[in-house]
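One chain, chain A, appears in both complexes that follow, with chain B as partner in the first and chain C in the second.
Right after this comes the complex of A and B.
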């Protein structure tokens, strides 16, 4: 079973709804106008993931927040930021002066909260719309090169569907980019596709 | 309630703050660690509504994500930087304790109900350590910066010492060779004349005296340069910039040195505007011109040609002394103007030199806010250039 273009369209729409919720939460958290967008979702083969990221994260130190889930669907979601983007994002929320190289544990903890809000909204939107109840782990913050970040999540080593999207944060005059990954474990792929088919059959977004 | 609370007693034994709420936000457990951190006794808070006990939490930024979690949604983080007071807690010095709060849900297997677990970690000491670490790093960076400065100062002072040493060497070398030898020759000729005066005819005596006259002129010029240079080294030359017409100064130098050029049948001429007002120290510019023209005469063979020209260029006057003499290779050009490299060449009529003249020129040009350089080709001739500032109101 494979994802079709129609499935991808549905997922893109679910993510857009999640992104809207995340932006509202981030607005009330920061008191600033936050706009979030995920312009395009695409499928990447697992074997090509490292090459794909390595091409633009050359030996950079990165920060990521990971949320793993299990239940009818198992897999994980990740948000990845360059240190520069992570710093900008935290500074936008805390209004504190921060130099780019100075990303410490306290800043990382703040990024965990912001990243978690985005991941919660995205995965929450998908599980709500597909009417699937998931069990979530506590969000995990990791730092390192892209290699270390991807390998820190064992789930990614196995087969499954991997969806990738660029996320774009606009916070007043600031523009910040991050990468969003949704990984669905191979064992859950039939359930995922069935749920998507069912969602489309019952009228999709029009019934919600 | 007590029975419900008792099932969580195990959570009193862990070093985290734990509060458990039900779906209506009612607090059903408050562990020992939270009692210590908040000074709120379990008995006084269990049974109360979380949002009534802590009214600041009654805001959408808390209620929406917590409710979402209580109804099966993902866990929520409240970080220390963005939520300084989730559960107000203070250190003995009354500074706020930095607490990191996570809310996740748990389905109780006894009553099959979903409860929210609010777990609280103390980040205060981590934050102190981070700040300490930053302070130490900043101090280390300051220290590195300070050492770099000291090293730079040492390097500069070493360079100054090297130049000072080269200056001293140059001074002794001039006294040892360039002054001693011609004065020695003077002494020998004068002794010969004194002891055998009666034996020489007037014509023969004139023959002896004539080269002495030329030599004494050169010696005098050398002494003059040496004294000027010695004064410059000891900082005794005070430049007094004034406005003057450079054309006049060049003309007077050319006419003074005309005789010397004529002796070698050199055509010494100038190409000058009628008026070229500069703002510089008159005496030092005079020395520069005299040295450069003297040098050109020295290194131009009989029948050669020297042109001294000047013009305004941007905010400077550009002076050129051009000859069609013996010129120099690139290696020799690099040695000019340098005190730390010994360099002299005999003139076309075996005129002696010390290399001091050009060093003096460079120092004086720079002191006047200008630049000096040379273009030369072996066998074709040399062109010396220097600039000095134009007067403002020309």
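Right after this comes the complex of A and C.
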């Protein structure tokens, strides 16, 4: 079974809804408007993914929170910021001075919690739309280059094929930019396609 | 007959909105992107536009701005996944008649349509 153009269209709309919910929470937490881009959805091999990310995040030190999920679908979702943007976000949220001795710890805890809330909302929206039950890991906070961040991801296996989606966002007036990233392990694709087909058959997004 | 334009880059969303409003006996047209929407709005007189916000190139906010600046009085119902209050406020400022969260509930859309027609 293969994903069709219609399946990819449905996936993109689900991600729009999931990211919309996550951005709404980020807005509530920050008190600022979050500007969203249209999600980019691709089927991609791990090697291509590393090439894509290496050119997208050029030599940047990044901060990331990852939520891994399993069940009828397995994959992970990430919130990625440059280290500078992550620091700005934590300062804005906590009013802590970044020169504090334990700021790194405060940053890790704050970003883990922000990631936990918004990423649960993102993946929870998708699982609700598909009417499937997913198990979530606890959030994992990581810093480093994109290679280091991706290598900590258990979903990314050598020679694996992934469904990959990226939505860029910016938090207005705070000048903080970041990305919501979603990976779905394509080894779970038959279950995924069944869920998508069922979703389309029952009338898609629109519920009474 | 009430003439309606559905603007959404998603095939499934256009299809589902069409299905949902078909019981209202509207004359329904579709646009798959912002540019097509603006072209159609300029060459037709629609009574209602169902408008998505998150679209590549020309997005829904830009379309609302164009409608306002050109004084086009068509009623716009925004149907969007971007459910932030700040987004809703912006749409309201730009003259949107109603804002419906994606995925919309049938009853909610019916209520908006009743107010419109």
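Basically, the second predicted complex is superposed on the first by the 155 of 208 C-alpha atoms of A that agree within 3 Å, B and C clash if a C-alpha of one lies under 4 Å from a C-alpha of the other, contacts with A are read in each partner's own complex, and residues count from 1 in each chain.
One rule holds in what follows: a residue touches a chain if its C-beta (ideal position, glycine included) is under 8 Å from a C-beta of that chain, and two chains touch if they have at least 3 such contacts.
Bear in mind the structure is a predicted one, so any value in this text is a computation, not a measurement.
Look at A:10: by the touch rule set out above, it reaches chain C but stays clear of chain B. Residue contacts after overlaying the shared chain place A:23 against chain C, while chain B stays out of touching range.
In the superposition on chain A, A:34 makes contact with chain C only, not with chain B. Of the two partner chains placed by superposition, A:74 touches none, neither chain B nor chain C.
Look at A:94: by the touch rule set out above, it reaches chain B but stays clear of chain C. Look at A:66: by the touch rule set out above, it reaches neither chain B nor chain C.
Contact residues of chain B toward chain A in the complex are 59-61, 64-65, 68, 72-82, 98, 100, 102, 104, 123, 126-127, 130, 133-134. Interface residues of chain C, counted against chain A in their complex, comprise 9-13, 15-17, 19-20, 54-56, 80-87, 90, 102-107, 109.
Against chain C, the residues of chain A that register as touching in their complex are 5-6, 9-10, 12-13, 16-17, 19-21, 23-24, 27, 32-34, 36-38, 129, 200, 203-208. Those residues of chain A lying in contact with chain B across their complex are 25, 28-29, 67, 69, 90, 93-94, 96, 102, 104-107, 109-110, 112-113, 116-117, 119-120, 123-124, 133-134, 136-139.
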